[in-house]
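Next come two complexes built around subunit A: one with subunit B, the other with subunit C.
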Partner chain A sequence: MLLTIKKHSSYSIIEAPERVDTLLAIDFEMALLDAGTHEDSNMVIDCSKLVYLSSSGLRVFLLVQKKMLAKGVKLRLCHLRPSIQELFDISGFSTIFPIFADLKTAITEIVNSDDLLL
Partner chain B sequence: MEKEENIKSLKLQNKLEELETISVFLEELAEIWDIPLALTMSLNLVLEEAFTNVVNYAYTDQDLHSIGIDFEKTGNILSIKIIDDGKAYDPTQNADPDVTLSAEERSIGGLGIFLIRKMMDEVTYQRADNKNILMMTKKLTFGS
Partner chain C sequence: MIRIRNLSKHYGDLVVLKDVNVDIRKGEVITVIGPSGTGKSTLLRCLNLLETPTGGNIFIDDIPLLDKGTNVPKIRQRMGMVFQSFNLYAHLTVLENLTIGPVKLLGRTKAEAEARAIELLKIVGLAEKVYSLPEELSGGQKQRVAIARCMAMEPEILLFDEPTSALDPTMVSEVLAVIRRLSKEGMTMVIVTHEMDFARNISSRVFYMDEGIIYEEGPPEQIFENPVREKTKAFIHRIRSLDIRISSPNYDLYAIQAEMLTFCDKHFLPHRVSDFTLLMAEEVLLLQKDFSDIHLKLSYSEKDGTLNFVCDSAGEAFNPLKDELAEDDIGLKLIFGRCQTVDYARENNRNILLLKIKNA
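Presenting the complex of A and B:
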């Protein structure tokens, strides 16, 4: 799976694909881990294109969040479509992930909270 | 309309690649029965979870098995039946995951059946003729 990744000094932005189902979940997991978790960099997953997600996909999100938390780096999600937001709400994942309306607010939050640490 | 037009069936093999067959079939069904897109996506999710569970956990051998999915529309009620000849398993007896736990505490997995129950109006299970029959209904709402 080829994911669009934009690397910045204190964070990277990764674009989630349209579908993450049982067949694509492993690929998505590999691509995410490859992209973000090798380096200790904060990550924003832009979900604006994501229209279909199954429990295998939710599992990948949780797995990546666990790794990021263990490393002490931030994972932020943004731009969830209503049906995906509903799925996150039902699963209790809305409280596991900080979710932002758009990319800009997600990045602002990451940059600002980093400043506070300095 | 003829009564048969309200019943559609799908025969699948116990292979995960059949998930694509399910998606394509659902898209066609949505067009014929005028099922809204958001609901079609939910049904796709429900079928993926149920079908994946059967393929991954129902069989103790390496043989090919047939899994049937029947769809029936009666008025504005859609009924779906998934029939497999795997070992007896009643997913309606599954304990719900605790959705209030933190990321560190949450276990990976166990969400599939929970999502089925949340997305559908009714989910019931029967064991008959050495087969698992999972029956689900969903009210079709139009105009949104």
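Presenting the complex of A and C:
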């Protein structure tokens, strides 16, 4: 799976694909881990294109977040379509993940909270 | 033109046709519908003697098909049959597929047969494929060649045995269009089909088969709008639903979801609802343990707007809603979140999961 990744000094932005189902979940997981954890940088996943997400996809988010937390880096999600947001709500994932309305607020939050740490 | 009297067909103890009595007039387009296994194919195969009936008789223009003295090959030539699986000669070109029969069996010259073949290929829209081999054609094109080949034998009656069942959904309509065109030319046709919209539009009469007989017959308006008998009613109700079968853990999720999407679109369900419906299919399948025989049913009732999704599976009793060994309950949460009710039952040694999907 080829994901669009934009790297910045303190974070990278990754664009989620249109669809993350059982068959695509492993690829998605690999791509995210490659992009995020190996670099030890904060990550924002831009979900604006994501229209289909199954439990297998949600599980990937969970796993990636766990690995990133273990490394002390942050994972942020942004720009969820209403139906995807609904799935996050139903599954209780909205309370586990910091979700932002758009990319800008997600980035601002990451940068600011990094500043606080300094 | 065709008179069927007291026709029966048994396979050992299995009575497939019990007592079929019906007349088909010249120029009629008959569609035969009904649940699978009710003998629709068998009836068709008895008609052209691919199967030997156990009892009764069939008359073609008053010639009794089953009498000893009857010239069966000659009668059979008056009927062409199109099968589900095309049955083209793989090593022959399209043109040769169409000419071999007329040359060998009807005594046509090669030139005559070729001229007619090209005419027929034009009718089915495949004139440019004259020199192609079957393997170079799509399923829909193969079936259109098969129809043309049948016509090349100059039959008076065309029998179609589920002509679109083996086709990719995208190719069904091109084949149905060809059959529809032939029906307009006054060809007598008997078509076994699962394509209900097609059956409704094309038929002069519909035979609903069940219980080894033609259980109910009538014009399409009657059968589809106002069926009279119990089982016909139940069947017509059921066909307002989508049935998908799975027999291996390597099921094709995308094909299943594509079919469900087509179904949802046909009923004008909002995108949001159809997206969630596809998701329910994936989640329900993820909960399954035994994939040897799964039957998925999606039905929609316009009357009250309910969207039901049933997963009916073989295997040991297993309630996925109460699976203590599951890794987590994310899938179940999605299912419960998007359904009004979710119920499990064990019936006839099968696991039945019934989801009433939220239609909003």
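Keep this in mind: the second predicted complex is superposed on the first by the 118 of 118 C-alpha atoms of A that agree within 3 Å, B and C clash if a C-alpha of one lies under 4 Å from a C-alpha of the other, contacts with A are read in each partner's own complex, and residues count from 1 in each chain.
Everything below uses one rule, namely that a contact is a pair of C-beta atoms (placed from the backbone, for glycine too) under 8 Å apart; a residue touches a chain by one contact, two chains touch by 3 or more.
Just so you know, these numbers come straight off a predicted model, no measurement behind them.
**Student:** Regarding the shared-chain residue A:Thr95, is it in contact with subunit B (first), subunit C (second), both, or neither?
**Tutor:** In the superposition, A:Thr95 contacts subunit B only.
**Student:** Of the partners subunit B and subunit C, which touch A:Ser55 in the superposed model: first, second, both, neither?
**Tutor:** both
**Student:** Where does A:Leu69 make contact in the superposed view: on subunit B (first), on subunit C (second), on both, or on neither?
**Tutor:** First partner only, subunit B.
**Student:** Counting only touches as set out at the top, which of subunit B and subunit C does A:Ser12 meet: first, second, both, neither?
**Tutor:** Neither partner.
**Student:** Would you mind listing the overlap between the subunit B footprint and the subunit C footprint on subunit A?
**Tutor:** In the superposed arrangement, which is not itself an observed complex, subunit A uses residues 21-23, 51-52, 54-56, 58-59, 83, 87, 90-92 for both subunit B and subunit C.
**Student:** Sort out for me which residues of subunit C touch subunit A in the complex.
**Tutor:** Residue list for subunit C touching subunit A: 253-254, 272, 275-276, 278-279, 282-283, 286, 328, 330-331, 333-334, 336-338.
**Student:** Within the complex, which stretch of subunit A touches subunit C?
**Tutor:** Interface residues on the subunit A side: 21-23, 51-52, 54-56, 58-59, 83, 86-87, 89-92.
**Student:** In their shared complex, at which residues does subunit B touch subunit A?
**Tutor:** Result: residues 16-17, 19-20, 38, 41-42, 44-45, 48-49, 52, 97-104, 106, 108-109, 111-112, 114-115, 118 of subunit B touch subunit A.
**Student:** Using the touch rule from the top, collect the residues of subunit A that touch subunit B in their complex.
**Tutor:** Counting only subunit A, the residues touching subunit B are 21-23, 51-56, 58-59, 62-63, 65-66, 69, 83, 87, 90-92, 95-97.
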